[in-house]
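Please find the structures below.
Shared chain: chain A. Partners: chain B in the first complex, chain C in the second.
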Partner chain A sequence: MINKYTIKKFFISIITHIFLMTVAMSCLFPLFWMLRCALMTNETVFVDKSIIPSQMNFGNFITAWVEGGFGIYFLNSIIYTASVVFGIVIIASLAGYAFSRLRFPGKNLFFYMFIAALMIPLPGSFVPLVVLMNKLGWANTRYGYILCMINVGLSMSILLFKTFFDKMSPDLEDAARIDGCGRLGIWWHVALPLARPAIAVVVIFNSLNVWNEYILANLLLNDKSLMPLQRGLMVFQGSHSVDYPLLMSGLAIAVVPIVVVYLVMQKHIIKGLSSGITVG
Partner chain B sequence: MPAIRKNNLLAKAIDNSVNFSFVLPAIAIFSIFYIYPFYDIFNLSLHEWNGISSYREFVGLANFKELMVDKIWWKSIWHAGFITIIALTFQNMLAFSLALVCDRQIRLKKFYRTVFFIPPVLSEIVVGLIWQWILYAGTQSGEHIGLLNYVLVKSGLPHLVNNWLSNPKTALTCIALVHCWKGFGWGFIILLAGLQTIDSQLYEAARVDGAGSWKTFRHVTLPMMMPVILVVIILTVLGSMQVFILIISMVGQGLGYHTEVPVTRILSSMMGTGRYGYACAMGVSFGAILITISAAFKYLSNKTKQV
Partner chain C sequence: MKRVLSLFLCCFLILSIGCGKKKKDSNTITIWHWMTDRHKTFESLAQKYEEQTGIKVQIDLYAPSDVFTHKIIASAQARVLPDIYGILDKKKVFASFIENGFVADLTEEFKKNDSEWEKAIFPKALDVNRFKEGNIYNIRPGIYGEPLDVTNIQMLYNRKLLEKIGVKTPPVTFEDFINIAESLKRIGISSLVSGWGELWMIECFASNYAFNIMGEKKVMDTFKGEVPYTDPDWIKVFSIFKDLADRGILVEGVVTKPNKFAEQDFALERAAFAFNGSWCVNVYNDMNPDLEYGAMLPPSINPKLPMRIWGGAGSSFVVNQDSTNKDKAIAFLKWITNKEQQSYLAKETKNLPSNRQALSDIPKILSEFARVMDYTTYPSIWEYNEAALVSEKFNRGIQSIIIGEKTPQEVAEEVQAVKQKELEKAKRKRK
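== the complex of A and B ==
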């Protein structure tokens, strides 16, 4: 009887692992295939279908970086991601702190306004936004795109900061107040350092979002020197008689940083997701 | 006495405005980049405008009337619905079964959890371009270039070889499946987090009462998970109905209208035919449809909570 039971259990566990492994391989294989094709030349990529190509050619990465313009795109993506995330952390933590701790007329109204923006799906909101940016002359500028992207992540980040500050004990802030610290000083010296877990979640999710953003970059930025990676990939794909090894190198340049960040920050991402769900 | 009161009022006003200055940057950005465009999308939807000229012609509800009988528009909504149905069934079933399996004590759990969430952190452009290359349909000196067709021929199934992304019969299904590939990790992580909050004493109690694994699932796991499942369903519906970047990167403008979805219609009405008013009317109508759907699900989820 026990024997039969263990055999059954053994088979079930093998079947589960086959199932899980198949799905896991299907997640990894396209990325592997991308890297593999990035290492081939234009002649071999169409013919050679072996798993590990016989000749490795790292030159594609250099060509993509220099001639394909991916060096510029990469730098732009870094600039946009860093400035948007920095802006969001400062602006959203100020607002989240005020909504949680300070008193002013219309507080609830303004807060619900931000929440409503999270709830209302507005497909095609990029149309009036682009019209506005053209009118203001902010289209095709770095700061225009950065401000737009700050707005995209703002509501969710304010909500995250507010819920975090609501749960935080005000004792330390009271102590600082007695020591003669002003409101701005308390936010900077006490609240913000304590809010590190919330900052981590805000930074990660907004970084992913900005790094991967395409549609506003497509509609607002026309100069190659201003484009981030996602936009650059589509330009590249459209304009050349597609050089697939080069395209795959470009994809790899866009993929590798985000996957590395994900692998390092995994814990925070999963924590953030679960807490985001309880908030929603 | 009145003098002191006046002073108090002044002090309070200053206090309030200092407090308000904390939210001012957020409200300023929000007003310029969200509230004004929000107003303008309704305003523009009542106008006929090419995006360039300074004159916007007021046409009332004409754009909406035209939209009602726009066959391509309805077709595009059906396409988005098709993608959503596949995502709701295939993607969510996959996510739920993976989460159920990973909820137990199992080896390599961390590895699986890490890997399943890799596709969701990639951008839709990247995912679309990689899969487009795998599904590529061209041939060179008799050999298939795309990996899938090549593998099909080599494994003795040449009759399955297809122009995956340019054949109207398969293009949308391929897009839907790639969408599922990219999205199931979200559902998996959320559902797994939900499963882990279920008190293990409930399972104990069910086992003591003699419930088998199916009965435990049916009467313990499923009812406890209902709120989380509904959240995943709402997120899947809203995400899948608005998919479009994946389509742009996989098939570009596409051939005919076989792969049009509402947001690509909005985009091509804006950039292609230069009808900004019509594009906004599409946005407003489609937004209304989405709000109705998510309100219906909210209502449903409140009902299940009361039971």
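== the complex of A and C ==
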């Protein structure tokens, strides 16, 4: 029997679904538009108003890959993203654990210094970083860029890990200590495995950051062979004109790995962001 | 986990090996630039230069232009600038680079052999890189950069659309222009499009007519504060926009259009006239290669005074004062701006050459732009510049006139009020 409550629930559900579908559409539409333009030619991209292009030009993806020199840039971006994210996870989790669990002089001062670093926008640190890397002789090297990017992502990640470890039960540490673990052992065997949701959040945030980073790479690196993927996309943007189909094809190629990372990490990210996190 | 960690560290070390700082080769000149669309042409010229002279030219691209500017500033502070580079910032920044010894003075090179190099280049283009005697930056007078190409901003007309109303030659006077625009309107064709959503383009158009109506001296006197914006000549300048808007000559939404969208309108034949820079040749070619169009000076209102348009050096290169390859760098700049290389650059990149001798050898539309280079002027070479707040009020005021929000008289009074405040502020500062 249909009662007032069922009808109300039905309408609320419909409104909720319409709202969510609208939000989903607004998120997906730019991606769809990117793919649409990627399949057009320079002549039709401004003229053809149809949603689905009348002629599909799949060759754009190959042209973009070849002309943009995506092969080496793609490899570089993978190296940079993997190294930076790995470095950040290790250093930030160690630092976060130390700030949360250890007692040492100046603990709060150091922690607040890291947090204060969050307030400095990346462009504000450009000149000092370039000067420093040149003095060290690390400008125009992969490791120089990787170290700078690790530095950029540390503050936020340390904050995330510290917040996570603050909620970890001390009993777990005591149990590990009874089993013979030292401080590093507890971090490695107990804290880190429990911090998977926090790791997922750190991985996805920093992956996105490194994958899309271009300005610092441009400042620090001179050799074309060391540049990340974003450099390839610049080829299609002239000073006054833009090759939209090839640019969109390049963007479509560039977006794939990051979408894959997000899909793989999705479950953990939602957990990490939404749970009240009672660890252990 | 330990294995993964070790494996990762090994990979990282292996990949990082061999990426150390390379030693500077004395036979290689390094150039940093931001011109994506000219990169391939530069590379082919570099190859040709190496074949001819045995000197390797390393061309490095850092785009877009704002990222390039960051790179140059950061590299200057780290003292790692290349042999040749560009400075895209304001003249004040250019001056500070010279002051700090990052830019070589090229005057002597330009004057060699009876000024052979200087004479070959458009003087208006050289002016952008020139510091005159008694300049406000206290820079030693001289020429500090070499323009690679030149640019100017004119009006474009669509030949096919004009032929529809039986017009074969573009209008020369403003009256002719209005008549043609009204004929076009009768057959449903919009007349003038421009990116007047970008304030500098409005300023450019208005400044063209200000020079034509009252002459350079009176414009400068206004900037100095000796002539008010409520002067009848300035009201005439504001009234041009009211006239264009009232007669329906402007494309709808022109005051919110960025130039990129305005370029689409003209390229796709939605408007018969456009006000745009010489770079449009490249843009229109990409959007509609079959577009039949020509360039013309904005139609004149006052036949007694010349129409002045904005223009000058497009992109310029400077030589690093600290470079160990300074002589080689200068020799390369001389080579790339000679007639043969400039013709090649113009043909390949569709930009106006900075070398006048190359004009005979370039596509027709480019020569239409280039032949009026002598009419060009640019704010950075004026004796006086208007205060930023006054310019903004001036440009926004014109936007209000176009949308019918204000009259020319109202805008003139508002601009003058801001000008007055700025003059008083300057007076207080001097005290």
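Here is the rule we go by: the second predicted complex is superposed on the first by the 200 of 280 C-alpha atoms of A that agree within 3 Å, B and C clash if a C-alpha of one lies under 4 Å from a C-alpha of the other, contacts with A are read in each partner's own complex, and residues count from 1 in each chain.
The rule is simple: a residue touches a chain if its C-beta (ideal position, glycine included) is under 8 Å from a C-beta of that chain, and two chains touch if they have at least 3 such contacts.
This structure is a prediction, so every number in the text was calculated from the model and none was measured.
Engineer: By the touch definition at the top of the document, which applies to A:Asn212: first (chain B), second (chain C), both, or neither?
Structural biologist: Touch partner of A:Asn212: chain B, not chain C.
Engineer: So, does A:Lys224 touch the first partner chain B, the second partner chain C, both, or neither?
Structural biologist: The second partner, chain C, only.
Engineer: Examine A:Met234 and indicate which partner it touches, taking first as chain B and second as chain C; both and neither are also allowed.
Structural biologist: Touch status of A:Met234: both partners.
Engineer: Tell me the contact category for A:Ile178 with respect to chain B and chain C: first, second, both or neither.
Structural biologist: It touches nothing on chain B or chain C.
Engineer: With both complexes superposed on chain A, which partner does A:Val47 reach: first (chain B), second (chain C), both or neither?
Structural biologist: both
Engineer: So in the superposed three-chain picture, is A:Val131 touching just chain B, just chain C, both, or none of them (first/second/both/neither)?
Structural biologist: In the superposed model, A:Val131 contacts both chain B and chain C.
Engineer: Give the label of whichever partner, chain B or chain C, reaches more residues of chain A.
Structural biologist: B
Engineer: Just checking: does A:Leu109 make contact with chain B only, chain C only, both, or neither of them? Give me first, second, both or neither.
Structural biologist: The answer is neither, since A:Leu109 touches no partner chain.
Engineer: Which partner does A:Leu154 contact after superposing on A: first (chain B), second (chain C), both, neither?
Structural biologist: A:Leu154 sits against chain B, while chain C stays out of touch.
Engineer: Can you list the residues of chain A that meet both chain B and chain C?
Structural biologist: 46-47, 123, 127, 130-131, 214-215, 219, 234, 237-238
Engineer: If you look only at chain A, which of its residues touch chain C in the complex?
Structural biologist: 42-43, 46-47, 79, 82-83, 86, 123, 126-127, 130-131, 134-135, 137-143, 146, 188, 214-215, 218-219, 222-224, 226, 234-241, 243
Engineer: Show which residues of chain B lie in contact with chain A when the two form their complex.
Structural biologist: Going through chain B, the ones touching chain A are 16-20, 22-23, 25-27, 29-30, 32-38, 40-41, 44, 51, 94, 98, 101-102, 106-108, 111-119, 121-127, 129-131, 133-134, 140-141, 143, 145, 147, 150, 181, 185-186, 189-190, 193-194, 228, 231, 238, 242, 245, 248-249, 252, 262-263, 266, 270-271, 276, 279-280, 282-284, 286-287, 290-291, 294.
Engineer: Note which residues of chain A are touching chain B in the complex, please.
Structural biologist: 13, 16-17, 19-20, 23-24, 26-28, 30-31, 33-34, 37, 46-47, 49, 91-92, 94-95, 97-99, 102-105, 110, 113-114, 117, 119-125, 127-132, 147-148, 150-151, 154-155, 158, 183, 187, 208, 211-215, 219, 230, 233-234, 237-238, 244, 247-248, 251, 254-255, 258-259, 262-263, 266, 269-270, 273-274, 277, 280
Engineer: Any idea which chain C residues touch chain A in the complex?
Structural biologist: Against chain A, chain C makes touches at 1, 8, 12, 15-16, 19-22, 34-37, 39, 60-65, 67-68, 70-71, 73-75, 77-80, 264, 267-268, 279-280, 282-283, 286-289.
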